[in-house]
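Below: one structure in structure tokens.
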Amino acid sequence: MSIMPDHDHHDHGHDGHHALGFIRTYIFTVDHKVIGIQYGLTSLLFLFFGFLLMLAMRWQLAYPGQPLPILQAIFGDQKVPGGIMAPEFYNQLGAMHGTIMIFLGVVPLGVGAFGNFVVPLQVGAVDMAFPRLNMTSYWVYFIGGVLMISSFFVPEGAAQSGWTSYPPLTQAAPFWGQTMWLTSMVFLITSSLLGSINIIVTVVQLRAPGLTYFRLPFFVWAQLITSFLLLLAFPPLEAAAVLQLMDRVAGTSFFLPSGLVFSGQVQDVAGGGNPLLWQHLFWFLAHPEVYVLILPGMGIVAEIIANNTRKPLWGYKSLVYSAIFLGFMSFVVWAHHMFITGMGQSMSTFFAATTMIISIPSVVILTALLLSLWGGSIRFNTPMLFALGFLPMFAIGGLTGLPLGLPASDIHLHDTYYVIGHFHYVVAPGSLFALFAGIYYWYPKATGRQFNEFLGKLHFWPTLLFMNGIFLPMLFMGMGGVSRRLYDQTEYAHGQAAQNWNVIMSWSAWLMGLTQLIFILNLVLTILAGRKVGANPWHATTLEWSAPSPPPHGNFLEPPKVYRDPYDYDPARKDGFIEQTQPEPS
Amino acid sequence: MLAVGYKAWLPLNASQGGGAIDELIVIIHWFMAVLFIGWGAYFVWCLIKFRARPGHVATPELPKAKASKYCEVMVIVIEAILLLGFSIPIWAAMRGEGNGPKPDEALVVRVVAEQFAWNIHYPGRDGLFGRTDVSLVSKENPIGLDRSEPAAKDDLVTINQMHIPVNRDILVYLSSKDVIHNFGLPLLRVKQDIIPGMTIPVWFKATQTSNALRDQMVENYPLTGRAPMLLLKYHVAMEEYEDTDGTVIIAKGKVLTEDLVADLVAAGFETVRAAPRVPAEIACAQLCGLGHYRMRGYLTIDSAEDFEKWMVAEEAWLEDEEEDDEGY
Amino acid sequence: MSAEIPYITKPRPDTGLTNGKLGMWLFLASEVMLFGALFSAYVLLRVGAEEGAWPLGSDILNVPIGAVNTIVLITSSVSMVMAWASLKMEQPGRARVYLAVTLALAVLFLVVKVGWEYRPKLHHYTVWLVDGTSMDGHLDGAVDAAADHIMFVPDAEGDEHPEAMQISREQIKRISNFGPSHDNYLGIYWTMTGLHGLHVIGGVIAIAWFLVPGMALFRKDPEMYTNRIEYVGLYWHFVDLVWIFLFPIIYLL
Amino acid sequence: MEHAGPEEIRKHLRLYMTVFGSLGVLTVVTVAASWLPVSVPLAILIALMIASLKAFLVAAFFMHLVSERAAIYGVLIVTVFFFLVMLIIPLMTHLGQHVLDHVT
């Protein structure tokens, strides 16, 4: 009954921090802003960790068979004998990179951090609807994350069957790693469920007076839809995880057909299971998941573009309707990940059709954002640079989805590097750019201090360059037919032909790793010595900017009332904008 | 940095159905390019024209933007065409139920995948596959073929060696012993998951022999610089190389080994004309465990008579086997 | 500003809902998808099963016990709603009685489930022999891995009671008790009823909490207490509702 | 029904009891129906229909869905839609699966 313990909210003091000890203020806090920041820091740490795993893999990919002693020093002789990583360890890194980036990194950052910190402020609420539930969801996420990472240290290492964890491969894989993967997934899913319930209730119930649905900032809409996706798409994966756990610990064979022979050993199970059942349940989650990764990003970008073009968004309503439609459709396209599992004509056609349809709202959203630039007075500050960078990168990500969404062209491109390039363009220079933009945009609100513009730009340009240095070659390699998840592609003639791309990609990745240090440096310097800013440094219109920076416990000095649309920018007015809280000047 | 030529596009195509897929991929990418360049041009132009600068203010009213409507409609129409006009027919031809070749007129082969090898099972002259049973599986008998059965007597089973005749329909029945594998033939544009517990058919027709393919894949490889063997393993020299006093270092068609490469370098050669020994490979395209990367099968596309020769040789070998067995 | 979170006890005028109620319904929506996925798995596995591989539930499970448990759960649902109604009618004493009844019935459900359904299955075995036949029965004594045979007592056929028989290991293809590993039918049975059982336990904890320590809240704010009883009720009825589908699907079909 | 006063609630009690009774009866009917000599699909159909009827009674009256708010209905409609998608589509895909009987 985790839904309960929220209501006697009054018994924890609203009268400022000093009422509560350090622990209740910063660790087991119920304040949505602190929880948001906790989510932010934790997920950034996980993101960086997952990225480091990839940097290690990139050595093996660029220089297969060449020892790198430092890896041996870090991971030990068993995982990296003689400085050359073992194939099974490579697979562990691959599986964990995917899992960490998605479930411990981008989702908690986009939904956990920004959803928690920004949504209550933008709807003019004093806090989330269920503060204790909010705290619970953070700590459940934290436990799940720790469990996931610690699985590296169990005998035979972490899960190594890809982030998709297809059985029966998982059944053949070492016991502990995969079992811990499944267990911590159950934690992470539970946490997301609690979080999404909280966000939905907050948006529906705690909107400030006058804040009608069509006066909500687009970001809030994005979070609302995302939360519904999490709420309804995650439970099936939870069920699937339970079924796979049963296969592992209780000897069932839900995903195991009869007559399996692992390395000469006939498996002593009842059999009669179906490996595709897992894929259905998994992708039923994992396709909506894609939109969980991208929608918050779109929301952030919309906010920042409106603010920095100094004019209203183009087609606000079409944005909202497209996002809703996107959410709905995302539940009926999942099997386009399964075209070549032997799918028949009719179903492949059905899913190809829905896939083509779902590309339309994405096009509408992208077009609306591009048209919003028209006639603006564009300020190129750091958040805006990342937001603008998002647009072409996401466009590439979306477009490269086309040949994968058509069954015929998917035959050649399926499970090649083309797929990797495609979804990384959506999530890395796509979602991540948007999330960087959001961090820069709301950092002054969270800390009350302005970051260093120069360092910000110094972070943006190399990141943009190296991102493409990493992911563009993937599309070429995929065209060449190189399979993904290969420990050493030079085992194949067509892999050898494309091997040199790996060198470019690896160096881009390593250099991009260095570039991120500038980002970290900037955030730290800002807290230490950043210029103090007022409530509204960006001259923005939405509600969060009418609260002090940083907002106190309880957020607003007096309960906000809303009188107008979210993006009321107008050069005729003073500073070219009016806040939503301003009554119509008579 | 690129030691070998620009490898950013589709590999050679050696199958009948592959052409249509390539065509579709090319068309889609033109469509993508047009859209992206269109958007990009407008994007950059906006950034320049509407940049904040002294004396420039935003215009509050929003553009009517008929263009965007047209753009969206165009996208819908083109996607519909790609789906209905190209994808569905191709899929029907390559995957559609009942559209495959009839087993009696095609060469039927069973492929049984396992971690990490391809077991190729030919029915032999009688065209009948012998019964298989997991309880018979062993090192010598990886697919558990019941040799006591008449139908199984002439069955051929090879490991990682798949020979097919050119210009003939091939019908492959895919099955797996352990995990999900993927039967991928990049040069034939064939890719099909192999799901344990199911037998999935896939069919294709090769249009070029391996030799013809190899001749088109000849490249000049540098012998100096970063790890030349990385790109030269499993390659053969495509011309004869002699050292200064005329002794042959490596003959045409010989496999390039570490030592031979060293000899070539010693003899002062800086590059070697080489090509893959086996141009068409069976590549597992689905993560299947720690050996996934080396789950490589050799597909040899023979002319009809070469294929016949190979069959005869295999049968001879099979008979020796049986005599040996009786010998014990 | 030190502000309360609004609409905890009084519904928000335009939505007509309290936060807790909306939250609970959203939670139930996710639960629908959770059990829905398991039902979907059940359907797929059953349709995919080979001829005769999927047993008829009523041949393996004890239908009367299942039916009794169904009645137990339904009754507890009624007493739950009555508890809420009594609170609405300002009869807290009665409400507590009804809550206690609900709690008792919930516990009874679990006791029946574990004692009369789960436990016997763990001692009941099937032996599949190499010759393709199979026998149900009980092991005579413990299985020791070292021994080259097991002592097995087949189930009684009609009134004659077969003696313990010796089966050598070579004859045995596979042996399993009627636990989850027996076959996919029992696998699904254990998984779904198990997960449902966990939900019942969750309900027991919640109800017990509101029955004893939760009363403090009643004295402080009866209306909030009443609302929470309604939320727990929603959850409890959902648990009942899941069972209403589980019973025919697993026991009868 | 936060605002139903004591009198209205009193009216409900009779209703609750009626629902209780019919649920009990339906349970018996379910078991009885399972003994009918009918084909498996029909048996499944009957069982599911009765179960749905019982589910409706519980949801409508015990969970007060008969007089619930728009927001709740919205959430449930969306959920039911996706639930059906999840139930039906994997099955259709499975049946459309391009698979042979085992080749021997």
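Residue numbering begins at 1 within each chain, and the chains themselves are lettered A, B, C and D in the order written.
Following the convention adopted for this analysis, a residue touches a chain if its C-beta (ideal position, glycine included) is under 8 Å from a C-beta of that chain, and two chains touch if they have at least 3 such contacts.
Owing to the predicted nature of the structure, the values given are computational and were not obtained by experimental measurement.
Participant: Going by the contact definition up top, give me the pair of chains with the most C-beta pairs touching.
Facilitator: A-B
Participant: Whose C-alpha centre lies nearest the centre of all protein C-alpha atoms?
Facilitator: Central chain is A.
Participant: Could you grab the centroid distance between chain A and chain D? Build each centroid from C-alpha atoms only and quote it in angstrom.
Facilitator: Chain A and chain D have C-alpha centres separated by 36 Å.
Participant: Centroid of chain B to centroid of chain D, CA atoms only: how many Å?
Facilitator: It comes to 50 Å between the two C-alpha centres.
Participant: Averaging only over C-alpha atoms, locate the centres of chain A and chain B and give their separation in whole Å.
Facilitator: From the centre of chain A to the centre of chain B is 34 Å.
Participant: List, in ascending order, every residue of chain A touching at least 2 other chains.
Facilitator: In chain A, residues 204, 232-233, 236, 273-274, 276-277, 280-281, 284, 341-345 touch at least two other chains, as defined above.
Participant: Touching at least two other chains at once: which residues of chain C meet that condition?
Facilitator: If we look for residues of chain C contacting two or more partner chains, we find 15, 17, 22, 26, 29, 33, 36-37, 40, 44, 48.
Participant: What parts of chain D, by residue number, touch at least two of the other chains?
Facilitator: Correct list: 71, 78-79, 82, 86, 90, 94, 97-99.
Participant: Sort out for me which residues of chain A touch chain D in the complex.
Facilitator: 204, 228, 232-233, 236, 274, 276-277, 280-281, 284, 331-332, 335, 338, 341-347
Participant: Can you list the chain D residues touching chain A in their complex?
Facilitator: 71, 78-79, 82, 85-86, 89-90, 92-94, 96-99
Participant: Quick one: in the complex, what on chain C touches chain D?
Facilitator: Touching chain D: residues 10-11, 15-18, 21-22, 25-26, 29, 32-33, 36-37, 39-40, 43-44, 47-48, 58, 63, 67, 70-71, 74-75, 77-78, 80-82, 85, 88-90, 227, 233-234, 237-238, 240-241, 244-245, 247-249, 252-253 of chain C.
Participant: Can you check the complex and tell me which residues of chain D touch chain C?
Facilitator: Going through chain D, the ones touching chain C are 2-6, 9-10, 12-13, 16-17, 19-20, 23-24, 27-28, 30-31, 34, 40, 43-44, 47-48, 50-51, 54-55, 58-59, 62-63, 69-72, 75-76, 78-80, 82-83, 86-87, 90-91, 94-95.
Participant: Which chain B residues qualify as touching chain A in the complex?
Facilitator: Answer in residue numbers: 1-4, 7-11, 18, 20-22, 24-25, 28-29, 31-32, 35-36, 39-40, 42-43, 46-47, 50-52, 56-63, 65, 68, 71-72, 75-76, 79-80, 82-83, 86-88, 90-92, 94-97, 114-115, 134-135, 137-139, 177-180, 182, 184, 186-187, 189-193, 195-198, 200, 217, 227, 230-231, 233-234, 276, 278-279, 281, 283-294, 296.
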